[in-house]
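There are structures below to look over.
Note that chain A is present in both complexes that follow, paired respectively with chain B and with chain C.
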Partner chain A sequence: MKKKILLATTGSPASFGAARVAFEMARRYDAELLLFHVAGVPKKGFSYQEVSDVRSQEAVQVDEDYMAWVEEELKTTYAKQLEECKNSRIILANGLPHREILRAARSEDVDMIVMGAHSGDSSASYSKGYPGSTLQRVAKAAKCPVMTVHRESASYMGGFSHIVFATDFSKQSESAFKYALSMAKEYDCEMTLFHALDITSKVLAQSDIEDKLITLRKRLRDVYGPKMVDFKNFEVDVWEGNPYVEIVKIARERMADLIVLAHNTRELDPEQASMGSTLEQVILRANCPVVSVNRPDKV
Partner chain B sequence: MPEGILCNKQPIVTDEQLKLTLGDKSGKQYYAEMEQLDVDTDKLWSTIQNTMKSRLKTWLNICAKCGLCADSCFLYECNDRVPEQVPSYKIHATLGEIVKRKGKVDNAFMRKCMDIAWSWCTCCNRCGQFCPHGIDMGVMFSYLRGLLFSQGFVPWELKIGSGMHRVYKAQMDVTTEDWVDTCEWMADENSEEWPGLEIPIDKEDADIMYTINAREAKHYPEDIAEAAILFHVAGENWTMPSEGWEQTSLTLFAGDWEGCKQQVLHVYDAIERLRPKRVVGTECGHAHRATVIEGPYWAGREDGQPPRPYIHYVEWLAEMLRTGRIKIDPAKRIKEPVTLQDSCNYVRNQGLKNITREIMSYIVEPGYFVEMAPNKEYNYCCGGGGGFNGIGKYRPQRNIALLKKREQILATGCKLVVAPCHNCWDAIRDLEEEYPMGLRWSFLKPLVIKMMIVPDHLKPQDEEGEE
Partner chain C sequence: MAKKIMVVDDDKEITSYLTQLFKDNGYETVEANDGSEAHDIVAKEKPDLITLDLEMPNEWGPRFYRKLTQNPELKKIPIIVISGLPSNQYAIQKAVASLTKPFDRDELMKIVKQTIG
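Coming up: the complex of A and B.
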């Protein structure tokens, strides 16, 4: 299967982990890699020749020279990887990072977006009028799975061998499940189907917890078991606690190299959503890449 | 020298010329050429004779130079009250001189006029309310800008802006294809959360046709999605035109009157073609001024009205809230001190002052709305109006101009500013960037979406997962 991966990068060290995974995946799975970079965010209401450089935050005039310079910078930064990955292209854009990433993902019809947790985010005040982090906004709206690699240590070294799929049984989780399963099949890895019983907001007796865990384990089996069909290399587990903590813990324990979960937030305000979102916390704490899936397309 | 390659008396009408001008970093070559540009004094004088209406002539003549207008001008106030910034002084030193000398002015004088016309006046029309003779410098300066534009003395960005309108029928290079695709994209991106959400293009005989500011299509398409969501929730039968959707007019800021007419005709053609019952424009002040207030005159419409009733977004929104087609969850109303920016272009120019306050009464918990002082038709320009925001050459002056708004906002004690105008929104954003004070600012649409009650049948029909 021919795949297209869009690596959204700022070119800064914060996104090196993401770059490493993206290039590695492209190489291993023979995918096309689009190295995507938003060079600047428009500073003025009109005559958008002036942008704020994504990295330096300085005001710069956008012209061919500037864009050529940015491209050169990227080429130098990723010289080695680009050398090894023949099937790649550099794409530059100007605008709000999340919007441009989504625009490119759509027009290039990519199969996956890979980014760092702070990729392309701009702290300058003009983007404050539109709340939410770049990642938050991309993860929410992207039609394809979004892989996040928060730090370099979380970038995998080899192929995938164990996937933790965490579900909250939402509709979005179905898409995430499909994606996790197809990855597990394609790369022939183990899979853990996991649910975390959230006990942070309620006081439950230990016996109630035990009962619930049993019911939930059954629910996991009932919901996903039949869908596994001939894929046998999986187990199910339910732990109680604070969901993001438990997800990160089980991933560690199973030595997972990939966590898949749904973005799943009904919160309309991205600022609010980013606060409580399990996904955000998992991304920040996990020691492996995290894939969020929000839509049934592209899984 | 006759005319430059970039700086000349011709408006930009081709993509090639547009790209060439855009490629000139900061307008360096453009402004260098401007220093050599000849003034066609005969043409200047004949233009004045042919176009200067008696009202303007009278104004120039009857101004008593009494200076009563001085304090009305925010630029006078925030520039240490230097006499040169008194409105009457500004116009006499520019337009007044040109008329007095019957157009016999030189290049240096024209450049001085350009500086004054675009960086000493935002055409906010505030002074007109204080002059005992009703003399409105905003109108005079608009006229002066037209004269300067026709002679090629216009800031680089606005030459480009006017060219954008002429080449792309929009202030940014958004083609019809890009535009239609953007609408599809937004409908698609939000359809899961808002089942049944559509952005209908070119639907005939709809109740509402909606028009926007091109930067929404170019950089902030969520604005379009937000409008669509609100129309959807309100149950509107609405549409957007595939052509004639751009409601703004940088040509207005540039003084490119011919371009103004062309631009507004694109919108009016769309109205005639699609026959909506009425038209709603986005939350943009100058767009409203261009298509609703001045547009009919540019287009030569005898009744002085657009082809169909054309309302500003705040009018539509107030109607929805008043009639309950959009309901606000009282628990979600704004519960922090919040103030409102009155946009000169539809508040002072069209009197839409109470309608925005009516909206505030629905979305703000009683007791939290704080008025700026002064306000309504007496409010000061945001500091970035009239094109000021976008002109690199005048950025230092623009930054000074923001100070009045800063003072006004600081006095309210609010950290949140509702700014239903793209230009004001930009100016307040820049204000926070230049003089950080922890401000937040918002259009109305995202605020209302956050706090409205969504009828059950419009919610996504999925079983929530958690046990």
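Coming up: the complex of A and C.
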């Protein structure tokens, strides 16, 4: 059971999808929700408290009135959700967003951070490319799993029931696997263990592809089967194609509520590992929340 | 024999409005007030079409639909999503249509007639 969820939000429409999932999760699974907002980044070398307001981008002197106004704005924005989710708190901070989110996650010892992929700018051309820098930095350094909900359409609709765990058999995927399995057990979900055979770099004969699919399915069963122990509600599948496209497709096909994958599968040192390109694209395209697991802590 | 439509929605006003609308157009109807209640009813009544809300108290629409598709006898029942949630067309992509509340009754009846006659 997730006991404490930190929802990092700008209060803008770009984070409404993340808010919907976080509030519903907290309500359904009886977790505490911390509604966390960074009111602005202090200017002039942090020498005095003037921030550029998140929404208007205007320079504002930070005082009690301003912070009370920001809190009131958040309460109005999330009025319905806050009313339904009794176990919630609003926390405000000033500073660099990623640093403050990580600081709050650490000091509150949260079990999960939920956030959108971008802050306020959700223009189509921008949001197609890559996740925002705050998410990149939070996901890289967070000790706990980070859930991203990029699209308002995210189909976490009232509880988890099917988790897709995507792996490339790397060492880093082990933590992601442990997390996916514990979620599946806890919420009584079906689970799909999935590997995407990357065929984008060279042209292969169809029989070669099908031979590889058979081998990889067996490998999935051999590697993860014994670790499932008494959990039987799973299947394995391997599809060929471009990995991020196939992960998004199988999640849609299985009507998954959650995709779990490793943060970066090549870089062994979590301190160095920036978000992998497959994860980036899955986050931006998936029709359900995506959890990236970077470290074995909190798994 | 009249075709049977199941209305799944937690809003009583919507269910009664839809039920009356379908009855006026010569269909039989059954109702369910959320996804979990709908499971039992759909197996017993075997409707020809389902109108489905997404956000409901216990079992949400997409989860109900997932369980429906796991039953070979029921998985081909056409679904019309009727919801106020944003981007509701992405929630159940195999639905024959997704309508946003408030919906147009003529448009709904046109889709129903096209789907089950």
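Everything below uses one rule, namely that the second predicted complex is superposed on the first by the 268 of 299 C-alpha atoms of A that agree within 3 Å, B and C clash if a C-alpha of one lies under 4 Å from a C-alpha of the other, contacts with A are read in each partner's own complex, and residues count from 1 in each chain.
One rule holds in what follows: a residue touches a chain if its C-beta (ideal position, glycine included) is under 8 Å from a C-beta of that chain, and two chains touch if they have at least 3 such contacts.
Quick caveat: nothing in here was measured; it's all calculated off a predicted structure.
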item	value
Touched partner set for A:Q61, first chain B, second chain C, both or neither	first
Touching partner for A:F169 - first (chain B), second (chain C), both, neither	first
Which superposed partner A:P42 touches (first chain B, second chain C, both, neither)	first
First, second, both or neither for A:E72, with chain B first and chain C second	neither
Contacts of A:R151 with chain B and chain C, given as first, second, both or neither	second
Touched partner set for A:D188, first chain B, second chain C, both or neither	neither
Contacts of A:D109 with chain B and chain C, given as first, second, both or neither	neither
Per-residue contact with chain A, leading partner among chain C and chain B	B
Which of chain B and chain C A:E235 touches, first, second, both or neither	neither
Overlap of chain C and chain B interfaces on chain A (superposed complexes)	none
Interfacial residue positions of chain C with respect to chain A in the complex	35, 54-56, 59-63, 65-66, 69, 86-91, 93
Residues of chain A defined as touching chain C within the complex	16, 151-153, 155, 157-159, 161-162, 252, 255, 287
Chain B-touching residues of chain A, taken from the complex the two chains share	42, 44-50, 61, 63-65, 95-96, 99, 102-103, 106, 124-126, 128-130, 141, 143, 167-171, 173, 198, 212, 215-216, 219, 264, 268-269, 295
Chain B residues touching chain A - in the complex, by the definition given at the top	22-23, 25-26, 157-158, 160-161, 171-172, 185, 188-189, 192-193, 215, 218-222, 250, 384, 389-392, 422-423, 425-426, 429-430, 432-433, 436, 440-442, 449-450, 460, 462-467
